[in-house]
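Common to both upcoming complexes is subunit A, partnered first by subunit B, then by subunit C.
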Partner chain A sequence: MPSFKLVWRNIMRRPLRSVLTVASLMIAIFLICGLRTLITTINAGVEHADSRRLAVMSATGLFVELPMNYQAKIDRIDGVEMTTKFQWFGGYFRSLKHFFAQFAIDPVSLLAMYPECQLPPEQKAAFIANRTSCIIGDGLLKDPEMNWKVGDTVPLIGALHPHPDDKAWEFQVAGIYHSSVPSFDNRTMFIHWDYYEETLKRGGVEPGVGVFSIRVKPGADVARVIADVKDTFQDSDQRVDCQTEAEFQRQFVTMFGNIPLFVGWIGTGVLIAILLATINTMLMSMREQSSDIGVLKSLGFTDGSMFGHMIAQSLFLAVLGGGAGILLSWATQNAIANGLGANFPGFEVKNETFVLAAVVAIAVGIVAGIVPAWRASRLRCVEALRGTE
Partner chain B sequence: MSEVMIRVNKVSKAYERGNETLVVLDQLSLEMAAGRFYALMGPSGSGKTTLLNLVGGLDQPDSGGLFVAGENLAELSSSELAHWRSANVGFVFQGFNLIPVLSAIENVMLPLSLTPLSRAERKKHAELALELVGLKDRMHHRPKQLSGGQEQRVAIARAIATDPKVILADEPTGDLDRASAQQVLELLSRLNAEYKKTILMVTHDPHAADYAQSIVHLDKGQLGRIEDKQPAARGA
Partner chain C sequence: MLVPLSYNLRSLFVRKSATLLTVLGIGATVAIVSGILALKQGFATMFTAGGRDDVAVFLRPGATSEGDSQFSRDRGLELIKTVPEIATGEHGPIASMEAYLAVLLSPVRGGVTNVPLRGVQPMTFELRKNELHIVEGRNFAPGSDELIVGKRLVGRIQHCAIGETIVLNKTPFKVVGVFEHPGQFGGEIWGDLDRLLTAMNRYGPNRIVAQLKPGTVIGSVDPKDVLTNDTPPEPKPGSMAARLEHDPSVPAKVYSEKEYLASQTVMLTGILGGLSFILGLIMGLAAVFTATNTMLSAIAARTHEIGILLATGFRPFPIFLSFLFESLVIGLVGGVVGCLMALPFNGLKAGTMNMQTFTEMAFAFRVTWQVLLSAVIFSLVLGLLGGAWPAWRAARLKPTEALRGRA
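Here is the complex of A and B:
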């Protein structure tokens, strides 16, 4: 095969066209990385779900509250080891632009049930001891306007639950937690249930619970516990739905539709479009080089080496574009994660996704080069030199 | 006759053009001695370039045998022909056909990349070839930075870089002015006289043909006559 220098010079024969093709490939690979990451993020929550944890919510929907007294009834069900509760607080910091998830929780049971919520022992103790304190995920600190530290006071406007004194809620940062699994969002604030409940009651509001989380005893029959939980509230005012944490995660992220299918279609479309664009570029390039191919063959280069020469050009474009796309994905993943916020907690481009993107780029390079490479290899020397091809 | 370098034995070649079959070479037989400079002349359509392409292994005859540099070309596969070309034949085309994105020395090094020579050796060979054609000082120029005559001399340097036995030139002076054409013809004569290259040059130009030792006339795909003569006085 002719030298790499000739491959490079032929690519740069039409610099603008090559740059545009590389840019298209970069954007396509960037999109594929992003779209693939949406799917892996959804799946990560499911994959890392604790098989002993169950979620209980209103059978009507996630946004309908359950009475607090349900917790005691759940605790009595055979096979239940522990319960904790979550209630969406729905506040915002300064403006709606700084929206992030906040939940009222019971610190002791939450930290016991979710060991993946990791924070230093002294911060854990401080959080449990101070009823007006909170803990925040380290993912939130990536936002320069929310770069809080332990000891800071965070004022939140209670959009969903206004403060009875008609002022902002204030929480002292007792700790900054790190999530060891993608399924536990690292961009959330947790506040004391007791403080939340007392404050609301002072304003005459009876708080409810969004989700009860259950940890079943080791060896317990999970299916039976689920059935028992549902049966317990079958005749109550609020019937409940109970499901495994994995199923709950899956439903939460797909409540806007079948995201993996949708994302898959977009990804396939992007892939086909860039493949066609690259094939077109390579066909134009091959036509421009047909006389050179005739000369190279007359010098003794074989049909096979001409095939390789064209494939190398296509592959080189694809590797450049793919590499740039992968770099762009890597560089922007934090910004995208911040942009997606609590809708897709744990958005992080996995190494497997980078490998997949690299494989896709290489495959595009090879596939796009096959037709022009085949034509180059079949090109008759005499016709190419005569300029009849 | 001394050692035969090119033996054309009852070679026929025809092209399909629509419904018409155009016979370009018709049972042509011819022998050319090693180390001689041949000019191939004849009217348009007489089969000169076709014969040149067949001798160079760029095309295959419909029938007949072609023996060049001791090889029966009809027995070689496409890949074997390519390897044979790289070792035995150097081409010089009317339109120079240098690779435009490569410099003069890179063009000359191209055929050498098919040899087992190291990069340093390839560079040295290419520099020698360019020196021989008087263009060492232009070796880093791209083709578009050279005059037509210089381009053709680079093409000749490329043709001789691998030290082939046969040089095939298709109207090498067709696109050149008189002075450049004379330089090219003198160069070919020198390659024949000093390096004993067998040269087969297609030309319409009787003045160019004067540089050859033999002139082979083709007419309607058949051998006309062969004029054996002494080469013209150099620099006349």
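Here is the complex of A and C:
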């Protein structure tokens, strides 16, 4: 068992070097936490998917609208408990700098099917009652220029669907929702379908639906419902694709292409760089300690205990640096999430990532210590005392 | 008098393992930063190559990209006929209406992705005659259910090969040719405008592109302002852009093609630039710490030698320069190693999503000499910063104490 006091004294022999090494380790572990979180965030939608929910979209692509009357046909399929619809509104507030998602939805069925969209009861009632109202996610309020309150009116420029009177669309904020899972975006605005449809029709545009969401009855055969939905529209104008929510979300993951792979490469690069740096530090400090090691060995300390002594020093630095990195990553995650904003919603470091980072730090400590420790254990005390190293 | 450079170079060889580890550490940092720069370069090339000043892009007012722009067929036709700045060729105005839609297709690697599909009119090929070339097979026949595919899609997306069939909604289209274009079109699928509109149940084109008469000034807004300003910027008063924005019959937002492409890439270019900067800064800091450690340890081990240098009459400043040089050499070698590690990425194909239109973008890493130069400069800065403090310490040693071996 290595003596802690001896380890500490050797760490403090060159305080500047130890501090720099710990700081490098901290930076590396912080980066690894951040990079890993980019990947887990991309995958979050798949993990939090509700197994009873299905998504129906055009078989051609997400940007092809489905006719509204499909909903009634889906409702008639055996095993379907409830359906709701989503249509991308595609507007912006003032300029593209304040980008966020807006969907036209049916309030009653949306709130019934998505319990993760949490809203105080009185706000829920107000939203349902007022056709020109909207609800917004609490994440949006972090933008100081979009710090809206209940009762405010939000003007949106309809980039995808211009207002028929050639002016901005206006929605009153009826409620501010909180999302209980990272996969349900907390920076979205939901507006009333009826008002949306009526306004578009006034301008001579027939609205379509981007995605229908289905909740199946408990115990229903999901695979059969999916097959039935596809069959129902096989010969219609628009064929549909029906997927479980998990598969639907996975399609967005694959759209990121090889970006997750590149993020992995960057992480590997960071890991290699920090491993080399720690090995370097340990080799330098082992060289300086060789005469001490000679003394200890001549006093009767075994080769094995010298091996442990060096590993313990390396591990000590790694645990200190790794711990600081994890702390830094935990402390800055909200700031990073705000900085990423709508471009990358849902950034939140998971506990698994912290565990992974801790394992990586410990592994770096052990691996970096092995070569110096092996050299220390093989050192012959006569040579070490003579100081020929 | 300066300390001979050979002293430092030989010293680096004496401490092989420390030098090597530091060089590799800096190399890894430089490789990552240059990798991201190469990605940014490839992306920028993909989008701006083929972006022309003499081609105008017409969108619906308020639209942010061709994805959310829409014209009816009649209005599109009217615009082409009435805008006087559009150049005229043998067969009428050199202009084309274009339909743009993302379709869900399967990459060869599995999963699904949105591939841009573009319906064009024959005049497009007149407009693009110098930049777009059919490299395999033939062009699609106007009015037929045929497609040509961009070369960057071949081998990456299923069914993108001559003779294969791509089913769009319910209509099968036959792939008859492969075309090459240095810009974004090289990653798209093209077909006849009217056939595609019919197959996809669409009523009109998304945008209009046209060649402009020489010397036309558009006067559109700066694309960067669109993303950074709090309020949407207005085009220059009295310009072509300002006139069309409030045209009573066919109002339109007009950009030069170059400006349009810039407006579509502002966001991702910014993200990649920010990423390389932040990673460079953070990893660079760690690399500087490592270099400082190495140099401090090198100086500690050579305190005696420094004492001899001082005793034989070398002044502190040349000693400072001498150790700074040693650190710069470590940085430079690390930079070269990093560049060598980054080189294999050159030409590697990448694909990701265009956040504005949610379509797949295919592009390649480009390790250009600018990228390599930035990498080497970056590595020299790392060496400089890492060596400054240790070199200063070396220069401040007192000869007597240094000779006694006390740092």
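Quick note on the criterion: the second predicted complex is superposed on the first by the 327 of 389 C-alpha atoms of A that agree within 3 Å, B and C clash if a C-alpha of one lies under 4 Å from a C-alpha of the other, contacts with A are read in each partner's own complex, and residues count from 1 in each chain.
The criterion applied here is as follows: a residue touches a chain if its C-beta (ideal position, glycine included) is under 8 Å from a C-beta of that chain, and two chains touch if they have at least 3 such contacts.
Values in this document were obtained by computation on a predicted structure and should not be read as measured data.
Trainee: After lining up the shared chain so the two structures overlap, which partner does A:Asn186 touch, if you call subunit B first and subunit C second: first, second, both or neither?
Mentor: A:Asn186: touches no partner chain.
Trainee: Determine, under the contact definition given at the top, whether A:Lys297 touches first (subunit B), second (subunit C), both, or neither.
Mentor: first
Trainee: Counting residues of subunit A touched by each partner, does subunit B or subunit C come out ahead?
Mentor: Touched residues of subunit A are more numerous for C.
Trainee: Considering only touches as defined above, state whether A:Leu6 meets subunit B (first), subunit C (second), both or neither.
Mentor: It touches subunit B, and subunit C stays clear.
Trainee: Does subunit B (first) or subunit C (second) touch A:Thr84, or do both, or does neither?
Mentor: Neither: A:Thr84 stays clear of subunit B and subunit C.
Trainee: Between subunit B (first) and subunit C (second), which, if any, makes contact with A:Leu160: first, second, both or neither?
Mentor: Touch status of A:Leu160: second partner only.
Trainee: Applying the touch criterion given at the start, work out whether A:Ala23 contacts subunit B, subunit C, both or neither, answering first, second, both or neither.
Mentor: second
Trainee: What is the shared patch of subunit A, the residues that subunit B and subunit C both contact?
Mentor: Shared contact residues on subunit A (touching subunit B in one complex, subunit C in the other): none at all.
Trainee: Sort out for me which residues of subunit A touch subunit B in the complex.
Mentor: Where subunit A meets subunit B, its residues are 2-3, 5-6, 9-10, 12-13, 291-292, 294-304, 380-382, 385.
Trainee: Taking the touch rule as given, give the residues of subunit A at its contact with subunit C in the complex, in rising order.
Mentor: Result: residues 14, 16-17, 20-21, 23-24, 27-28, 30-31, 58-64, 90, 92, 94-97, 145, 157-160, 162, 237-239, 241, 250-251, 253-259, 262, 265-266, 269-270, 272-274, 276-277, 279-281, 283-284, 287-288, 343 of subunit A touch subunit C.
Trainee: For the complex, give me every residue of subunit B touching subunit A.
Mentor: For subunit B paired with subunit A, touching residues are 53, 56, 58-59, 78-79, 82-87, 91, 93, 97-102, 106, 110-111, 113-114, 158.
Trainee: Which part of subunit C faces subunit A closely enough to touch in the complex?
Mentor: 17-18, 21-22, 24-25, 28-29, 31-32, 35-36, 39, 60-64, 67-68, 101-104, 107, 110-114, 168-170, 200-201, 226-232, 267, 271, 279, 282-283, 285-287, 289-290, 292-294, 296-297, 300-301, 350-353, 355, 358, 360
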